[in-house]
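Following this line, the structures themselves.
Both complexes shown next keep subunit A, but they swap its partner, so subunit B is in the first and subunit C is in the second.
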Partner chain A sequence: MTHLHPDAARQHWLAILANSHVDALAPRLVPHLPDESRLHWLRQPHTGLAMVEGRIGGSGARFNLGEVTVSRASVTLDERTGHGHVKGCDIEHARLIAIADVLLQDPERYPTLQREVITPLELAIQARREQQQRETAATKVEFFTMVRGED
Partner chain B sequence: MYVAVKGGETAIGHAAQLLAHARRGDTALAELECRQLAGQLRHAVHRVMQEGSLFDETLAALALKQAAGDVVEAVFLLRAFRTTLPRLGSTRPIDTAAMRVRRRVSGTFKDIPGGQVLGPTADYTQRLLDPQLLQCGAAHSELPQADPLPNPLPSVLDTLGAEGLIEAELPPPGDPAPSDLTTQPLMFPADRPTRLQNLARGDEGFLLGLAYSTQRGYAENHPFAGEIRMGELELFLEVPELGFAVSLGEMTVTECQMINQFAGSASEPPQFTRGYGLAVGEAERKTMAMALVDRALRAQELGERITAPAQQAEFVLYHTDNVEASGFVQHLKLPHYVDFQAELSLLRTLRQEHETRQGDPA
Partner chain C sequence: MLSAAFSDPVHDSQQTFRAMLSALAEPMIPGTLPRLPEAPATLDPACAAILLTLLDQQVRLWAPDLTEEAQRWLQFHTAYTSAESPEQADILWLVLGHERPPLARLKQGELRFPDRSATVVWQVEGFTELGAPCFEGPGFQTPRRLQPLGADAAFWHEWQQCNQHYPLGIDMFFAGNGQLVGLPRSSRLREESQACM
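And then the complex of A and B:
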């Protein structure tokens, strides 16, 4: 992962954190949480809306499909700032993502967190998706062609 | 004479208590959990999200529970709630081609890249009530599995597009941000992005009826279901502090690409035209109806004669919203005592005049 552009690595871990269930994230992250007194909340965890855009025909003009709830939080620790964004109303999820984001930026903490938090969560997401894709693939139609007549 | 009337506070309070009691039902039975609604009545929850125009399963399930299963009332609750939240921005336009597909079928081509994938559909069930569901705790068998499909699955319409047989769907120059009905009132003529936003949050029953009317001959546009796909895709939000688009997690959507009768002109060769439907959640009926109505509403743009209700943008778009419709229909039960007294008094006067004329031999 270290060979990626710093933004790409960060984008990746934020995606893993947002795509994981908070019940899977919390127990893995809790042992690594810094003392609350060291955290300075730039933006307290709260919920707002984002308008989801689609494209006509999948590729044409943009249009507004409807809004999604988004929870977010921003925190600083030792001169670094972590941002958490996640779909839904669960502000605890956004709070944990923000803390994980700020911790993962610390080169000393990164390897441990990557090993104990990000990688297991990523594997769980992959396993869940693959299972679903296999179940979906089993519903693919196999057509049989029947030939009638002599020729 | 004008008489101000006050009162009913106590009755209203008691009615609210009775409503909560009626919602809970028989206390000998376990109370419904919102998680159960989201997990086991997903179509109802999805519909509340679509028409409430707020994509949050937990809140939609809560609204459905609070409204005791009244979908339109639940939609109203969700719309009211959204007004309390700040707008953080817009997501990147979703890319339905990148969807992790759980269902994808085409009514136009048998052999499509990736194949016809049925997914969790009720289409081929016998529609016989299953008495086993009267009991809880049915055993779960292991699901059959197969090698994963290609990901992403290519779009069916691309094959027609490659030959130039269907109109291209490209963003207009500059790829402008769409107008937003949550901040700007509906104005006419309404452009297609505005119409689609309106249809996406429109009442499924109303759209279904309109779509059906087009099939029965009121604005026949000869539709084929080119592709219907349902699955998950990731939402991205541009965050200036980060300098990149951040993933918010996944959302389920359904998309319907309808292929319709040709259009051509002196400059353009004949080609198929499109109708488009898109909705959050599993929403096949809704997106198919939406695509048919979208195509009907393109009548003017495509130089077709406007003869049917489904082609009339003002008629359609002003009546899709079930929160507005429900409010205006149901407001009739609120006190109209004074209005009605005026009508009654007028009628009495007219009757008196009528009787006077009848009694007058001249």
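And then the complex of A and C:
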């Protein structure tokens, strides 16, 4: 992974954490969790609504597509702040993402977490997408028209 | 470093809002705020509770006395919008006794929408009845004396001037040290020649 932009690496791991299933994230993260007493919650995990905006085509005006439930949490640990945002009502997922985010910002912990949490989750997401693409491809229908013989 | 705010944002702000309604219903009686949040050092927790309750992304705040740390904290927890001038502000947070914008310039609402007026939250050290002006109006069973520390005769004169055109006017809260006092636009200063409790 390249570190071009200081936030690019963070965006990458946050995307992976949010796109993973909480059942896959929790067992991998639990061994690395710090003592709960060291965590200071800025925002307790909670669920709310966010408006999703859309455009028709690349040039259409923005319109409100609809609201989605979003769960979020923010935590500090040793002067660093971690944020977790995830679509849906799973506040435990948001809580774990926030903790993972604050731990991943620590250069000493980063390599271990990247190896034991982020990489396996990334592979699982890839596998899930490929599987879905295979299943979709299997239902592909070839359309063609018969020549009707007019001239 | 950011700090936390209300421990239970939904219910704590509901209870704070309820206390603020009571404060406006019975003006110039010090009440207590049921929930005080963690707040940056320069922002009194009582004022912080009110600001956390009132602000959101659609509310424009004028608060020249906010330190950078307090600004970041309030922005994180409420996502408020900064007003470009006191005239545009929906809510103002000011320290009583510090420099203040002329109250007459604040939004007083329109006749069709008197609610589109400014609300001022004054941070105060406390209250006294000694040498205090006397108030009367709706919500006062009998006239009452109270002086937020830092207010002077010039302040009350200015306040009287901007509330002459009821229902237009501004509403105010005085808060500090866990206490809260409301002063709606319907309250009036009582002439000193008349008796006051």
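The rule we apply is simple: the second predicted complex is superposed on the first by the 137 of 151 C-alpha atoms of A that agree within 3 Å, B and C clash if a C-alpha of one lies under 4 Å from a C-alpha of the other, contacts with A are read in each partner's own complex, and residues count from 1 in each chain.
The rule is short, and it goes like this: a residue touches a chain if its C-beta (ideal position, glycine included) is under 8 Å from a C-beta of that chain, and two chains touch if they have at least 3 such contacts.
These numbers were taken from a predicted model, which means no experiment stands behind them.
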Partners on subunit A (subunit B, subunit C) - clash or fit: fit
Which superposed partner A:126 touches (first subunit B, second subunit C, both, neither): neither
When both partners are placed on the shared chain, which of subunit B and subunit C touches more of subunit A: B
Which of subunit B and subunit C A:81 touches, first, second, both or neither: both
Which superposed partner A:112 touches (first subunit B, second subunit C, both, neither): neither
Touching partner for A:41 - first (subunit B), second (subunit C), both, neither: second
Minimum C-alpha separation between subunit B and subunit C after superposing on chain A, in Å: 7
Residues of subunit A that lie at the interface with subunit B and also at the interface with subunit C: 74, 81
Residue ranges of subunit C in contact with subunit A within the complex: 1-5, 7-9, 76-77
In the complex, subunit B residues that touch subunit A: 49-50, 53-56, 58-59, 82, 85-97, 100-103, 110-111, 115-120, 143-149, 151, 155, 157, 169-172, 175-178, 180-182, 192-194, 196-197, 200-201, 234-235, 237, 239, 241-251, 255, 257, 274, 276, 278-280
Complex contacts: residues of subunit A adjacent to subunit B: 7, 10-11, 14-15, 18-19, 47-70, 72, 74, 81, 83, 85-89, 129-141, 143
Complex contacts: residues of subunit A adjacent to subunit C: 40-44, 46, 74, 76, 79, 81
